[in-house]
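Take a look at the structure set out below.
Chain nomenclature is as follows: A, B, C and D, assigned in order of appearance, with residue numbering initiated at 1 for each chain independently.
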Amino acid sequence: MGKKAVELAKKAEKVHQETGVSIGLAPQYCDITALVNTVSLPVFAQHIDFAQAGSYTGHVLPEAVKAAGAVGTLINHSERRLKLADIDAAITRARELDLTTVVCSNNAQVSAAVAALQPDMLAIEPPELIGTGIPVSKAKPEVVSGTVELVRRVNKEVTILCGAGITKGEDVAAAIRLGTAGVLVASGIVKAKDPYTVMREFADAITR
Amino acid sequence: MGKKAVELAKKAEKVHQETGVSIGLAPQYCDITALVNTVSLPVFAQHIDFAQAGSYTGHVLPEAVKAAGAVGTLINHSERRLKLADIDAAITRARELDLTTVVCSNNAQVSAAVAALQPDMLAIEPPELIGTGIPVSKAKPEVVSGTVELVRRVNKEVTILCGAGITKGEDVAAAIRLGTAGVLVASGIVKAKDPYTVMREFADAITR
Amino acid sequence: MGKKAVELAKKAEKVHQETGVSIGLAPQYCDITALVNTVSLPVFAQHIDFAQAGSYTGHVLPEAVKAAGAVGTLINHSERRLKLADIDAAITRARELDLTTVVCSNNAQVSAAVAALQPDMLAIEPPELIGTGIPVSKAKPEVVSGTVELVRRVNKEVTILCGAGITKGEDVAAAIRLGTAGVLVASGIVKAKDPYTVMREFADAITR
Amino acid sequence: MGKKAVELAKKAEKVHQETGVSIGLAPQYCDITALVNTVSLPVFAQHIDFAQAGSYTGHVLPEAVKAAGAVGTLINHSERRLKLADIDAAITRARELDLTTVVCSNNAQVSAAVAALQPDMLAIEPPELIGTGIPVSKAKPEVVSGTVELVRRVNKEVTILCGAGITKGEDVAAAIRLGTAGVLVASGIVKAKDPYTVMREFADAITR
């Protein structure tokens, strides 16, 4: 949050500049503008509400995160699960506002359901591994490969990410080998002693 | 509820016996056992919670509706929308308990997402028509046919129902012509002056 | 659930008949009628929804639990927390239907807030002790006595219960000494090897 | 939102400077910092989540709105109702962070419950009048005066506001006469053709 978010964003930007690997940032809502004003990386909201027009106090308006400079949003993060109909409405609203959608899911079956809703990206994260340091790409490779398989039957175009327990470059390399395009990661970087080095290691695992 | 639910169930049973059309009942939780004890029709719960073992006070346990005699359950009814991950968990749990699942959806896209979760049946009901007497099968035929099309790309086997605004036999006939296997209906029957005649008309529209 | 719920209810009835101590039962919704038909003890729902008239599929209607024979209901159980406005609406609706309300709370301050809503009873249960076997009345006596004190400033008449971790007669005796009128207990009885003996011990602790 | 929020804030600041009446602002989360950087008025969040440490993606962290420059927050707005236990937790967390709390309620009884939780301010807003232009202070004066009476039995110090349907200076004057300290208003100002004039009229009604 705050200054720390800006510092971390600068390190991510450096990794991007050094490696060419695409990196997006998803800070607290209040920090979106600060990051947009500081770094050239794409900034995402962590969630949007599909609020009814005119009665949205306390909700996160898609228009507001757009106005703040976000280019996209996470939807249905494991810590902010949504109703199915609301995921659909959020994706539709985001598309109208030209916001890129990254919808999170918890298993292969749910990933296929998400894929049917036509988001831009989806991120499979088995909740039991989130924050554990046990990488999904190594501990449950069949979940990742199974997700890719089920999703591709429904949707050929969605970009597939995975997450949960990713802390090392080799976890990222495994994720790529299993057919995903990248990783969604929070604690593995935010809680690292040296976030730059971790991000650089992740990026190198993708370019190698 | 209560005695009225039993009376209505008997009329439904009569229509089933006269026409051979399959009819299921979805009463209040408290009335499941009474209906099971009175009529030979399959009884469904209106919802189940996917409760964590041991901490489920106030929730509707799948095991409890099973023990009460229900053979299946509605999931994600328009008046009881669930989180995506919870729909998936409820379907999985119901399957383990051999409960038939009927998952509701609000548009074609969401229906495809539901279909990816492999329920036994799905019921598309545009919320703006529910309870209006404006039949989905006539007012929005493209929603029904579009649902059938999108769903079949994802799932060849799920039984597709439709609902919302169904009050006449011709609405049911239209639903069948559009490719569904039947209707999910509440107010069209419950609020009718003569529910038997309405149900008979519905059944005749299917067998004709 | 089911037959086990009926068996347990009969044991509770026996304890009531032997000791004169008031015992209420709060089973799964589907089991309300079976208990009402079997034992003479008051039966409570575990929760009611304050549903909007006519759009309540999947919800627990106050009228339905009343029709099933319940004389009251738990509201806001720790495993089924409600919005403040919904607690108020549920209490109001229950009062209209002459259903006794037992509203749960998690600390002294929240108990005072509940008391301001004028339920018939309230039950303070620190969530961190629920199901642990560490009795609130002994591990956190100040929470119980503090609750009684704060509640009485706001409401002189509400019956105060406590719960969480109650497994022995001495825990019940401590609860009574701290100024409550009884206990709300689930796992302490349901998971006991010999529920009759535990309930009898609890009852004896009250009458002694 | 965005630039319009900043413009409106400047007009509010002008009214404050001309009249000395206290005015607080509660914009979208993304706009908190922009308003803090532009005007000298106190800025509030529209809501905070009481998030568990470390698992708060998509939630509004109290620390984040504080870091963004907010001095307080609305809690339990009619469009963002919270569970009772979460209102209590949010008030407690806000107090630890020295954030001023303004908790909304929907009737006199619920206001008394809120008052028992010791917020800094509470705002009674009958939901059926919100956004209607029918002022609570004139259409339902007994709700406002009844709230003041019930709240004062429980809490002598909480600042009481009212809202819903406030569009004219006379509505504000009526609110003050009924014992409140001010008004909580959104559409009456945001949707006004000339927000400055409306705010000035409101302020004059308080100082007169």
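In this section, contacts are C-beta pairs under 8 Å (C-beta built on N, C-alpha and C of every residue); 3 or more make two chains touch, one makes a residue touch a chain.
Computed from a predicted structure; not experimentally measured.
Undergrad: Averaging only over C-alpha atoms, locate the centres of chain B and chain D and give their separation in whole Å.
TA: Whole-Å distance between the two chain centres: 43.
Undergrad: Could you please state the distance in Å, as a whole number, between where the Cα atoms of chain A are centred and where those of chain D are centred?
TA: Taking the average C-alpha coordinate of chain A and of chain D, the gap between them is 34 Å.
Undergrad: Could you please state the distance in Å, as a whole number, between where the Cα atoms of chain A are centred and where those of chain B are centred?
TA: About 36 Å separates the centre of chain A from that of chain B.
Undergrad: Going through chain A residue by residue, note those that touch at least 2 other chains and give them in order.
TA: none
Undergrad: If every chain is a node and every touching pair an edge, decide which shape results: line, ring, star, complete or other.
TA: Ring.
Undergrad: Every pair of chains that touch: which are they?
TA: Every pair of chains meeting the touch criterion: A-B, A-D, B-C, C-D.
Undergrad: For a test of understanding, state which residues of chain A touch chain B in their complex under the given definition.
TA: 76, 81-88, 105-107, 109-110, 112-118, 150, 153-154
Undergrad: State the interface residues of chain B toward chain C in the complex, per the touch definition above.
TA: Contacts found on chain B: 1-2, 26, 28-34, 46-47, 54-61, 63-65, 67-68, 74, 77-80, 131, 186-187.
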